[in-house]
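One structure, as structure tokens, below. Some questions next.
Labels for the chains are A, B and C, by order of writing; each one numbers its residues from 1.
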Amino acid sequence: MFETVTTLLDWLGVVVFAVTGALVASRKQMDIVGFALLGTATGIGGGTLRDVLLGLPVFWIGEPAYLVACVLVSGVVFFTAHIPHSRYRALLWLDAVGMALFAVIGAEKALLAGVNGIVAVAMGVVTATFGGIIRDLLGGEIPVILRREIYVTAALLGAATFVISMAFGVSRELSTGAGFIIALLVRAAALQRGWSLPRYRPRPGQGDN
Amino acid sequence: MFETVTTLLDWLGVVVFAVTGALVASRKQMDIVGFALLGTATGIGGGTLRDVLLGLPVFWIGEPAYLVACVLVSGVVFFTAHIPHSRYRALLWLDAVGMALFAVIGAEKALLAGVNGIVAVAMGVVTATFGGIIRDLLGGEIPVILRREIYVTAALLGAATFVISMAFGVSRELSTGAGFIIALLVRAAALQRGWSLPRYRPRPGQGDN
Amino acid sequence: MFETVTTLLDWLGVVVFAVTGALVASRKQMDIVGFALLGTATGIGGGTLRDVLLGLPVFWIGEPAYLVACVLVSGVVFFTAHIPHSRYRALLWLDAVGMALFAVIGAEKALLAGVNGIVAVAMGVVTATFGGIIRDLLGGEIPVILRREIYVTAALLGAATFVISMAFGVSRELSTGAGFIIALLVRAAALQRGWSLPRYRPRPGQGDN
């Protein structure tokens, strides 16, 4: 029963990220194949790197439905991307949902593979951010980690919440929910209120280069 | 006997892509080590990602001759890149041949590894395009998937032709030839006549950001 | 006993590269999570690609202390990066030390995995350069292989020295030391005296595009 929920959330994450990839393609006025490529790379990128690092079979190799879903979703965006009032706002919020889902699911898959909790948190962050990094590099946008508002931090907190909660014996359902909500809330606050962490500032009169 | 042909085509693809990497190095006026690095990364990049994703041993790890060939070819380009009338035209046409070869060979290696036909087509596209993406990212050129004319589409059609033809029981020789010719013709048409797919266009007065 | 030395050098390489990643983060005025991410990706990036290509378990998956060390070191840099007289000089010299360490250790780990000497040299180069390439791509700096002075060449000479020395039956201790010193000296000469290899120059009146 819970397996089904995890699988559903995983699918949801892939599809939501595929939409963000296709939205970047629309901002760059690509053709439909560019949409499919950017949508698919964004949807499956994070989970692919996670599986390669963990030494697991890459999740979509044995399951072509993931590729099909990414391509279909990208095609739908090609014909409907003009509908949302602001494509950029839509992209940011969908990306937040995908990030929060993948932070938890990435950490969970890593724990199931038997790794240490710290490595599991790192895998949550990798899964949550790498698809977006590919999207931004290939789409010629500024990579997410260079932007000013909180992003990686939200993924980190969500994955850590999940892993710590599991370590304290909380049920997988509750831990998943808690991690997802923490990641999403922190990112939402960053988007709504411009939350950001203090940045490094060079001291005047010191080595500044 | 056919193994030999496949192996020959594979080698041809690696060498041809290595030349394109070295030609980009010449356009950036790199030194000879830069030529070797960019030539080698371009020559083996696509096949490397394919093997990592499929969970196979990376093809050049057990076969140093691939590295040697890429380095030698890059060295030859270092001393002869001034000969072609237009290095940029040479680069585009060699890249087209390499792309068409790798689209088919990537799909074939994936089918031999036992994956689904859809995943095999994706592997053909990955093998055909990833070397060029590395080349363009490292060489500071605009990545191939952002360019206006048809490129990924040609790889996709070539790989799909091969996989569908194999599924209908056509011999491997014929399927390979058909896939290669389709990919090359489509790309040639794009280069010669500027073929491109319709691009996404934002609708006026709608969400345009 | 020698195992201990190799392990120490490996750790030193990871930490030194993590510092260079964090220094790039300081140049880009990132927040502390950006420091941790860039420091960690730079510290473990080269070894990670090496292990994935060789088909070995990724070294930090079973050893969370690597991640912890990278994060801690990045945090220290966040609070102390104003101290060196020139952060850019510090970055260049630490990067040289890390590159020289990883060129030898990468080649050694490859030899231990049973690959051919030529492939081992390539693995030394990959281990020594890939962390810096990730750092520069994510940090928005010009990738190291596009810069004018000698860099990849130093890694190549260091790794080759180690592999050839081992092939002639020299002890692992001496081979390691010799490879490290060659790589570091060549890079130091490039930094101090601006050593560079001759670059490709287009011939006048010839194919110039």
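The criterion applied here is as follows: contacts are C-beta pairs under 8 Å (C-beta built on N, C-alpha and C of every residue); 3 or more make two chains touch, one makes a residue touch a chain.
Because the structure is a prediction, the values reported are computed rather than measured.
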Handout entry: Proportion of interface numbers common to chain B and chain C (over half same, under half different)
Key = different
Completion exercise
Matching the CA atoms of chain A with those of chain B requires turning by an angle in degrees, to the nearest 5, of 120
Fill in the blank from the handout: Here the gap between chain B and chain C, centre to centre from mean Cα coordinates and rounded to Å, is 29
Problem - Set of chain C residues in contact with two or more other chains - result: 52, 137
Problem - Residues on chain A engaged by chain B in the complex (per definition of touch) - result: 25-26, 28-35, 37-38, 40, 48, 52, 57-58, 60-62, 64, 67-68, 78, 81-88, 137-140
Handout entry: Residue ranges of chain C touching chain B (in the complex, touch as defined)
Key = 52-55, 115-119, 122, 125, 133, 137, 142-143, 145-146, 150, 152-153, 156, 196-203, 206-209
